[in-house]
């Protein structure tokens, strides 16, 4: 925990017209950590992810990414989403955004895009290097699908998968980009308790594989079970930060969540 | 199957259409002679036609919802004949060999006129395949595709006219220039939203045509450029009939090469990125795909093919003028892609052959050609957006331990 | 107004300028009328109604047919004008309503490009329908607006038609504003364009409102068709394409979705075209409009009065 954090956010602010969706947020994520980001609906959690991943350009603030084991950091601010992904940060979407007309395997293969090279000539000539690369893409994608438990559905259309499987496919697709930091936006939304339990196991496994994880989630049981640290926000501001046990009893958090089930 | 209610609705709808079409279809005035002709019989045709179409649509919708209710899965499995043939390599190669044999002997058994018509159809196949990269795969609605076709055609016409350059020398230049135009246009416009992109490309297409029409010193204006050389072969010049047959075989070769390349592109890293881009741009970028670059490649590759066929067009007709490059031409190529099935190579081939050959052989229909093209665009979007022959996604298998994907 | 023009009477350069200015305003007013249809439909269902130009063309044709028939049967001019205008509005609206029901309504939840392709198909279909039902030739449009005697002294600068067009357009804009700001339908329209789901939840019949939008937009286009046809004096089946594109340019220029934007865009485009053809070159008349369209979309797609927004992810 003493090393430089892999993700260092300071003063992150995002305005939409007159609305301040994020208000000077600071957050650090260290290598190997699972950090949960929680807060009531509309708190700005997804907006936070969108600013990190280059989908929105934040109004102010700085986002620094330091690959584990390295000391050189890069600023993500103002980078395009694809460049952010290239730097080693991948995400899933709250409202599932799979490529529905493509097969499950192809969805994961898309994730390999930024780590492979073949271009027009390679595609047309299909030379040895291209064939090798394609082979690797397929094999690796299968391996990732196997990890999330979808290998048997590889050649189904993504749109035909059940909801829970679609969420896992989103994770598989993000993993295929070889991120060292994975952002999950409500991965358990819409899952039944059994699926959620499997997801709990899967996320722990991914974490042991060496990916750090930043997680938005409303399912408090899952959050408490998974996270090393919890970051709570409301109306775009940080209201608390700490270990699960601290957050559980934090009065400000309970107030923000009034009416929601916090002590499950 | 169809109850009293449908019949009643059908009658009401036909009554509405009789009203709707009344001024335009019944009344015909001659403002000079000051005569009014009342064509009442048209109202009858409209009524009957509307009623029939209405019932037909109702029956289709009923059957569809019933099928969907009974077994949604079965509906999907019930693949078309063509899909089944393509799925089996033996049958596929037999079919290809057969088609190739027919294509090769075709000019020997038909008149120059028919060969010429077939050549035109083949040109549209290739144009369709080129636009299919842009619209079908990458999902970029390019309504100015014909501009790139014009760039190719005028490249050959002008270079041939001024510098006496031959067909084969200009072929890559025409394709290349069109691709460069594609990049130049694509660079600023490809970040636009889909529908704006469509309108900008339409505007660009019209600008190119208007410039060709008005800049007479450059393009000879509306009267066009004539006496363009036909293509030769290693210095051999052909007579008129010879040239027709030669261009026909040339187009066969071009088409095969195009199919080969487009097929390989579709199954590549690049092709997957195009399709993903069509499906969801934001997810695509979040997966690390460079949106701008990927779109630009699709756009300029499509333009390249249009340029190539433009050169062939100029060489085939030996005369070009701006009237050949109107928006309607773009719309025809779009109709080919939409009818065949966006993203589907086999579909586009069928689409081109149907839309170009049918009006040619059914003379009675040719008057209604553009009317039908418009109707096809609407009907396909409403009833069958995947086209006649939808694209089938390629399946991949692993060499290793993973359970083989269940085929059922 | 006449006095004001007479003030510049002696200066030919100024005369020319005013002439261009007036013809620009006239053009602009008509672009604005058609642009309103694009903007209203876009505001409410996010669709570029490519067939809108054809609705305008059908309006002009209907007016042509009715006016010519009536004049052959010897009706007085005033009756001709009123009946032709009435028929144009009725039939254009009917076509607009029908087109939406056939070609767009089934695609309400389809991918964004599907209704656009359908609209292009509709546009081609309607063009060729008129071509087959009538003729491909240019037809002389009867003179519906007489030369007013009191306009005599400045007739060489500004014609009576221009004045009629400007006044009619202004009146129609006024009525439209009242409808949209004041009536129930107008309020429902604004609600629907802001948030369709929400509008549905508060009990607005969204399909009815969309139909109403198409009907109003088509009626405006019909008036535009009638005015421009009597201004230019001839029509054919293809006039909708160019007018449609130009009106769309006007809508985008002003900021698509914005009603005052459409009017402003129409006037700016009309004046630009008029001055550009008057002072630069008339060969490239349409190139100006297309270039403006391309430039606006590339550099300021939100237009003059539109708001740029971040797409919610």
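Labels A, B and C are assigned to the chains in the order they are written; within every chain, residues are numbered from 1.
One rule holds for everything that comes next: contacts are C-beta pairs under 8 Å (C-beta built on N, C-alpha and C of every residue); 3 or more make two chains touch, one makes a residue touch a chain.
Chain by chain, the UniProt names read as follows: A = Branched-chain amino acid transport system ATP-binding protein; B = Branched-chain amino acid transport system permease protein.
Since the model is a prediction, treat every value here as computed from it, not as a measurement.
Taken pairwise by the contact criterion, the protein chains are fully connected, each one touching every other. Located most centrally within the structure is B, per distance between chain CA means and the overall CA mean. A comparison of the A-C and A-B interfaces places the larger number of contacting C-beta pairs at A-B.
Between the CA-based centres of chain B and chain C the separation comes to 31 Å, rounded to the whole angstrom. For the pair chain A and chain C, the distance between mean C-alpha positions equals 49 Å.
Mean C-alpha position of chain A lies 41 Å from that of chain B. The multi-chain contact residues of chain B, meaning those touching 2 or more other chains, are 282. Within chain C, contacts with two or more other chains are made by residues 313.
Chain A has residues 55, 93 in contact with two or more other chains. For chain C in complex with chain A, the touching residues are 310, 313. Those residues of chain B that touch chain C in the shared complex are 16, 19-21, 23-25, 27-29, 31-32, 34-36, 42, 139, 141, 143, 188-189, 192-196, 198-200, 202-204, 206-207, 210-211, 214, 282, 327-328, 331, 334-335, 338, 367-368, 370-371, 373-379, 381-382, 385. Interface residues of chain A, counted against chain B in their complex, comprise 53-55, 80-82, 85-86, 90-91, 93, 97-103, 105-106, 109-111, 113-116, 118-120, 122-124, 126, 130, 133-134, 137-139, 142, 145-146, 151-157, 173-174, 176-177. Within the complex formed with chain B, the residues of chain C that make contact are 47-48, 58, 61-62, 64-66, 68-69, 72, 87, 91, 94-95, 98, 102-103, 106-107, 110-118, 120-130, 132-134, 139-140, 142, 241, 245, 248, 252, 283-284, 286-287, 290-291, 293-294, 297-298, 301, 313. Those residues of chain A lying in contact with chain C across their complex are 16, 46, 50, 55-56, 93.
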